[in-house]
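The same chain A turns up in both complexes below, where it pairs with chain B and then with chain C.
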Partner chain A sequence: MKQSLIERTSGRLTQFLEPVRVNSTKVGAMNFRRVHGRYLITNDAGYFALLTAHNFKRYLEGRIREDEPLYQELQDKGFIKGAKIDSSALTKVFREKNGFLWCKGPALHMLVVTLRCNQLCQYCHASVVGPSRFETDMSLETARRTVDFVFQTPGQHIGIEFQGGEPLLNWPIVKFVTEYARLKNKTAKRSLTIGLVTNMSLMDAEKLKYMMDHRVSICTSLDGPPEVHDQNRPFLGGGPSQKKVVQGIKNIFEVCHSGKYMRCNLPGALLTSTRFSFPYYKEIVDLYAELGLAHIFIRPMSPIGYAKRAWPQIGYTPQEFCRFYEKTLDYVLEMNRNGKPLIEKMASLLLTKILTRRDPGFMDMRSPTGAVLGCLAYNFNGDIFTSDEGRMLSHEGDDSFKVGNVYESDWEGVLTYPTTRICSSASVLDSQPLCSQCAYKPFCGICPVYHYETQNNISGLMPASGWCQTRMGIFDVIFKKLQDPANMKIFNGWLEIERRHLEALEAVGAPDAA
Partner chain B sequence: MSKTRTAESYLSFWVMSQASIFFMGNHCYNSQVFRKPDNDFMDPTSFKLDVRAYGLRVIYAAAYVLMDRAYVLLEGNPKSKVTVYLKLKSDCSQNLKQLRATFLSELATQKLRWMLAEANQPVREHIIKEALQIWNPKQLDGGNEKQLDSLSGEDPPQDQREELDRLLSEVKEEWSPKKSG
Partner chain C sequence: MRLLKLLAPQMRHEIDSAKKEVSFRVSPLLYSMDSLEVAANVFSKQAEIFLEEGGRSWTVTLRSKKKEIAAGTLENLAGDFLNELLNQEYRKMVGGFNRKISDLILMQALYSAKSEPTIMPPLDDFSVGAHKKEMDELMKRTQKEIERFRPAKGAHVVK
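Here is the complex of A and B:
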């Protein structure tokens, strides 16, 4: 039997090179893809199986015998059609894996409390303004109305995240929102978490204590060693910033380890990968591990807003990013094998979708997208956007993704706003010609803002989409690594840590949390 | 409009990158798509397809997948035979011969994908319908309907008013000098 049943991917869909007889009375609903010498099949419920070429051909031809263990596995997962297919079980798994579809309101509320910033990052999406531009600070009244709006949304979990600009430049409003939200929650009794995304440069002992006392988690940007970070993120007017970030992270750890505060106050850091990052992948990982950070998040950058203009200098092709991603993930895995625990966040988010029945709340990777249904972004002036990317476009003069304003809108108006509906319908993968046939459909998602910005098409044209190429490349890497039992052991360990972390976060967010 | 009517008997149409998404479920009855192939498409690498053997949507789907590499122009009768013309995009690494082979392989694969999709459509629809039908707001989100009905978008109750007033005055004090300065 020829093993070269499928030899190549075309337009990133796997293609047959020779005629295949398919027994459509036995083969259940599935999409397929060749990954690292095996054949991945997936279905709507999010089940997957990795088959050898031989077994894949037998599966398609309906020649797997009922007494084979493989038959039972495929039947249990809904890949084999027939009277024994348990649609109720598949329905249950579908509901669990797509739990976000049944959430009643957005869980993530990003508040841009100022556009001012004291850094001039090469890729800054937010297209910030200088520290003297006070008119771009969120006012007290706008902050109050924003919190009121946030509590109008009906989701049980509310996560407020301060963004900017540099949010600490509008410190009084950060404090007000924190305390006002906590106050409102005494009545609302939601699960409330509050987070701050900061460049650390203005973090002092007083602010840090406030954050800890008020259970505000802190996340910063750390692009790696000074060679990379200082090139990506210089201070306005020049000067290195990496040392401040590293010291800030150390300070938070010190406070957390004093025992007074819960472990969920531990700091997080976000890595933005530019092409300058590529040669330093080991140094970047080493730094994250050395600082004791739990996660490193290898994210692709999007050519949106300011980054679009800077793309020729800092950008890369999807293939270049995926090579960087695989090398970095390999190094992280090697580190784990050597007893140093560090979780690569992109992998852990996708593995949660692939290997568990939980939804990790990854707004970009869901169908439909998390825009409005999962998250909202609030600009300093009270304008409400589908997402932070949508808000960034506004700063470039394009309000296409604005869905309201806290002075004028109510939740129902935002939810039923035409842009909200368009973003939702445009990002349903089953209505996408290529996505609907993709083996990664149960785990993937698309961003309307990305495709609007790069293809002038809110639905996106996937065969030519950098978004699609990058996500497919990342999934290819993940499913390749999954085939190694040693990696699986590490991945399962990561998922267990993530589960416990989630439980701890839920405890912090609980209305009666101390 | 006349071209639209003509199309019912003998159709000229094309599937090109920016428009092809709309071809998946619809015939393209507009003047823009109803045009004869221009000279750019008159390449020896053209070939005929029996629409009855594949179905029009399978042909569209195969063309769509080539969007990143080529323009695909289809000419002929959508109920019987069409001629496929390929035109390479500038950054395509394949030559026309390779592209033709790719298109034909994709055609065969798309036929299989669509066959499986059709054969399994009732089961898939049943599962999704079932998932949606058992939607029950009271069990969702860990939420208590009564609590959430109040939605808390309004001001806090009286007993928290004083705390809010204190908070507002504190922030105003801290915030105002900076703004005026």
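Here is the complex of A and C:
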């Protein structure tokens, strides 16, 4: 059956509907895209403008008069060539938006302290093992060497995140890493934050108190109401798990609200969207709001590792996900309009880039990728990977993304490892077909592991890439919503909350924090 | 016009179902050997790729690694290979065109990551340094906890 080219590329290539004679002496460097009836233009500094078709044509033909307000706006944003263009101001904005290019090493260190888990999630990337497989626990010596390695990296900010498996199954090592890192930081004086990603099933009062006392933030997985969560995340051997997560979150709130601990200890939750989530978007949002969680993060799932095998049962097309994303975001916005504050995290991360032109530290959306340069993943045996996705592949027997081991490597060795350089150079969007001409380039990024896994191509074949289709779909939704002033007000409110939250986190991470 | 004619030729291919092979020609005027090699690497999981160099064209043969494959699937395989080849050739062009800015961005990112930390007082060697006592206690305590936390083999129960 014949298929239109536009359908095949999911409408991602914007075409001119009528011939335009571009005035190259006036039109500055920019990319464009038609979004919801308007033309979006962007440039490398991260500025954007949404123009009507009429104005876009006038802009391209150099027919916008200097006395028009639109001319001034476009000139200030660097969209119009000429002597009045302020290059140093644009450079400053570029530098702020791409702050990660000046980051001194990775800020996020993910420690897999065990592969053991007591749940058997439908999509678990981590390819976990049963609770009796102690040989997949990180040993004391490996933990010590891992922390030593983490402190070898030169970044001023160090974030340690416990992952698994279920990290609480190796509780002594979680405690050791926490205390050793704090002890080490007495001398190193970095900004140190520690977080735990847990399924909550093993969280008790003693462990919770420890976490609070040692300023370890807690994040859990909550896929929504029992109908969804229990289907996605059953206990090993069967049995519902949602109740325990909900109770765990309530317990943390209770402790936080006792006044003894800082508000930044408030729990976070991550949503993994499977196709089972789609009909329950309202119930999912309602649950997050009811629990008092500050964020809901609508993330697309990646067909990597175990999830690749389960994809026919739980996966979806990029278009299906984007429809789900838009419906959920609409519902969150409606909730905000009704006075219930809840931030959709994907939108807030992208809006930080789009509206404030600052770097929110989102590893997935960087050019080059955050792998190694922004984050590292450490396996239970001390193996170091470019990212957690890279580590997941290793469980499938593919060590392509391994860049060292804490027993053998130093930071310089990891940074200069060929895989590190290949991942970095393959993910610079300016050298990427389609991406280099995309209006979303200033805000986007690509994942080498995703494309290696789905297309056997570390750079990716963007016209056929599910990653690209999903990200462009999300950006389309965001720029569509931005055209409504009522949404803009809510978005600006979110960014203000995020700014204050970041300041509070920095205070917690400061070396002299209580 | 010439370019359009070159870019959109009817793909002529030959299929040998018994050998699970599909062969087609590509023009050296359009594609570089570099792009051909990269595309072949990308396809190495799906097929063995053979190249025969002729005067004005190269003949590419893909031999599927699948145990059984239909003729239509072989045709799709050839189409996908050509897509990848086009992607690599275009990537080479874009990469060449934007090389200066790409290299600058990459160099900046790698250079920053390599740099010394802003604040880097010498880290104590905890085995001899100021925190030796604290470290010794922490190690001992953790070792004991590990022993306590791990019951005898096979006795661990998670509720």
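Just so we're on the same page, the second predicted complex is superposed on the first by the 502 of 514 C-alpha atoms of A that agree within 3 Å, B and C clash if a C-alpha of one lies under 4 Å from a C-alpha of the other, contacts with A are read in each partner's own complex, and residues count from 1 in each chain.
Assume a residue touches a chain if its C-beta (ideal position, glycine included) is under 8 Å from a C-beta of that chain, and two chains touch if they have at least 3 such contacts.
Here the structure is a predicted model, which means the values were calculated and not measured.
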Side-by-side fit of chain B and chain C on chain A, or clash: clash
Chain B versus chain C as contact partner of A:56, first or second or both or neither: neither
Which superposed partner A:132 touches (first chain B, second chain C, both, neither): second
First, second, both or neither for A:321, with chain B first and chain C second: neither
Which of chain B and chain C A:428 touches, first, second, both or neither: second
First (chain B), second (chain C), both or neither touched by A:450: neither
Partner chain in contact with A:385 - chain B first, chain C second, else both or neither: neither
Touched partner set for A:149, first chain B, second chain C, both or neither: first
Contacts of A:367 with chain B and chain C, given as first, second, both or neither: second
Contacts of A:475 with chain B and chain C, given as first, second, both or neither: neither
Contact residues common to both interfaces of chain A (with chain B and with chain C): 98, 102-104, 134, 140, 144, 151, 154-156, 171-173, 175-176, 179-180, 183-184, 186-190, 433, 457, 459, 461, 463-464
In the complex with chain C, residue positions of chain A that touch it: 98, 100-106, 118, 131-132, 134, 140, 144, 151, 154-156, 169, 171-173, 175-176, 179-180, 183-184, 186-190, 201-202, 236, 367-368, 372-373, 412, 415, 421, 424-425, 428, 430-433, 436, 455-457, 459, 461-464
Of all residues in chain B, those that touch chain A in their complex: 17-18, 20-21, 24, 61, 64-69, 102, 105-106, 108-109, 112-113, 115-117, 119-120, 123-124, 126-128, 130-131, 134-135, 137, 140-143, 147-148, 150-157, 160, 163-164, 167-168, 171-172, 174-175, 178-179
Residue ranges of chain A touching chain B (in the complex, touch as defined): 10-11, 13-17, 19-20, 22, 24-25, 27-31, 44-45, 81, 85, 87-88, 90-91, 94-95, 98, 102-104, 134, 137, 140, 144, 148-149, 151-152, 154-157, 171-173, 175-176, 179-180, 183-191, 410-411, 433-434, 437, 457, 459, 461, 463-464
Interfacial residue positions of chain C with respect to chain A in the complex: 42-46, 83-84, 87, 90-91, 94-95, 98-99, 101-102, 105-106, 108-110, 112-124, 126, 130-131, 134-135, 138-139, 142-143, 145-146, 149-150, 153-154, 156, 158-159
